[in-house]
């Protein structure tokens, strides 16, 4: 694709000034009398390009700089240095024309009016975005069907479950069918069914409308299910930019087997060590680490050999994956 | 009891550490109180530009009452509003359940768990104002007047506390009304002036029904010598009655809550 | 871009939310009338059977009922909401929409005031039936003039409130500044007494600054206490000047504040 990218960030950086406070009463008094500040480099020298129709995930632990990057792309923050272009606009100065082309969904704060049914917020957005009646009705219907929201509409938002609320939030955000979606932790706090429903929806929506989706997450599953391309960010730096399967193959070489042992405490740590590296052992819970490709076979052997009440195969925590990535020196590689 | 104190002390320690981190809070709190006191004094001065007495009280006598009002405001802002005042929100959100499972008397715990420590300065400033105003009236109080004042003031604090508990018990029935505390604020405004300044019907209301009179008028009267010191004992009695009434209302409300939820 | 449709949607939403909170709103209303009610009570006692600064009991009654009504029509709470939006991250999604957040605030005001002012008006009408002393000889001309003054006052108070709310971009003490302003306007805007009863120096400051324009001037128009075309025109002139001033201040605060928000985030 030699066309101009839809989203382009060049050496993007953002630095905040934060007040320093030591814990405890002594520290609190000191902060009272003589406040100090330190610089937080939330985003350091990040460069990437995203084309139309891509689904891209910004992956990283909490505080990595993902949300800050997203806010700069959406025009809520302006960069300390570097440049950013989105859909032909400078987001910070984009104005209403830019805002009509984006949707911003923040996981922890919602635009739905809390005390009224979601329909009221939809109607409000219809007026705000100047949608024609025909457009409004057809898009609403499509979104409701795709998200499976048929019965929800009459209850006030505060009475909806977290999953229903997020789905309604998505409806409200997409009525104006923007070409760009910015989602900050969209599956945060949702149960597995809701998470899967939202992931399926995003893929379907992109397939139908060719929208470009940028999301931040610290869940591996979001990335594996959704994004063909992942940008790994840690401590403000872009560690990896490329295809997901490549990243997985390169880094997440291990899997963790989480066990709940049954029976009396006859199973010893040594017994488990025969199957793999024992990460933690507090009877009846245990966590083993094995090579990714060995995980299914090892699980089968464990189930056959030991009294096990529960077993699950998990990805290693994202912090570990990233730590490994950093240790192995991924820096701003393109796919 | 010791357990309650230990629990409260733990909460208070965190409170204080939290409060100290906000650099300007102390200064802001004192300035705020001084500002409101100045406003009240100016308002009074404005009235007294056109009269020499209100309800039979002269300017400095009413300032004594104002001092008592500020002292009680300090108690409310430091202890009551942050503690029992947040009950409404907790009933709505269900957080109250977290309180009820703690192994202490819920009323005691809820009432005193959170302190806005800077507002204790209001109490000091209020008493200082009352003292200064008393000096300006030229009447030096006798010992039994001072004792009566102390008793009446303590009784007043209890009455205020009881009114808060009664109002907050309403929160269990009117769950959707998030600002019930505003009702108290509106009523308590009437305590800025001596009860005799109001027409008869209101006077009856404020003495017998919504006993605002016992909050400021009675202690101020005790200090300035308008009140026979023995009547302070009546104040104590009223306070005791109010407390019992409030506790009853609380238990009824709590029973209803525990029965309704789950 | 259909502003009529946008505003009717915003006002409708605000109205429906207020409906959910109607019990709380009644309490706020009660709180709002307590202050003028007590002030009336005290002046009533002071006036006795005579006059105070030219005001007899009946005059005080009409004045303070006027204050109750017009304060409800002109008061602005936006500083509180704005302060919360800024501090609790509720500004973000509003900034991502192609609608300036001020419009939502204006629509909120319209819905809230329509609701609360009608209550006060009904209370006044009922009171007028029972107590002749609060009856107002309201000619259409006077009502029209008052309406204009009320709109100007409401606009100005909105800008004052919004501007003070925007201070939350810079300080956590924005609410303290609002309280300060409210404390000063207790006297200078005529909430505690008609301006004629203030020391003359204070009264003239109130007239030169924006305070009289906030409340006392529309109330005086309503109760017929503004005599002569000159006085009326001067009053309106002052209102217009300060309305323009605060509108400009609001705009500056918004631009600067937004720039700071983009620097430090929310």
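Lettered A, B and C in written order, each chain numbered from 1.
One rule holds for everything that comes next: a residue touches a chain if its C-beta (ideal position, glycine included) is under 8 Å from a C-beta of that chain, and two chains touch if they have at least 3 such contacts.
Model, not experiment: these values are computed from the prediction.
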| item | value |
| --- | --- |
| Minimum number of chain-to-chain touching steps separating subunit A from subunit C | 1 |
| Farthest chain relative to subunit B (centres taken as mean CA coordinates) | A |
| Geometric centre: closest chain by C-alpha means | C |
| Distance between chain centroids, defined by C-alpha means - subunit A, subunit C (Å) | 45 |
| Whole-Å gap between the CA centroids of subunit A and subunit B | 49 |
| Averaged-CA centre spacing for the pair subunit C and subunit B, given as whole angstrom | 30 |
| Contacts with 2+ other chains: residues of subunit C | 20-21 |
| Subunit A - residues contacting subunit C, complex | 16-17, 68, 71, 74-78, 92, 95-97, 99-100, 102, 104, 106, 108-111, 113, 115-116, 120-121, 123-124, 126-130, 156 |
| Subunit B to subunit C touching residues, read off their complex | 22, 24, 28, 32, 35-36, 39, 42-43, 46-47, 49-51, 54-55, 174, 176-180, 182-183, 185-186, 189-190, 192-193, 197-199, 202 |
| Complex interface listing, subunit C residues touching subunit A | 1-2, 5-6, 8-10, 12-13, 16-17, 20-21, 88-90, 92-99, 261-266 |
| In the complex with subunit B, residue positions of subunit C that touch it | 20-21, 23-24, 27-28, 30-31, 34-35, 38, 41-43, 45-46, 52-53, 172-173, 176, 179-180, 183, 186-187, 192-193, 197-199 |
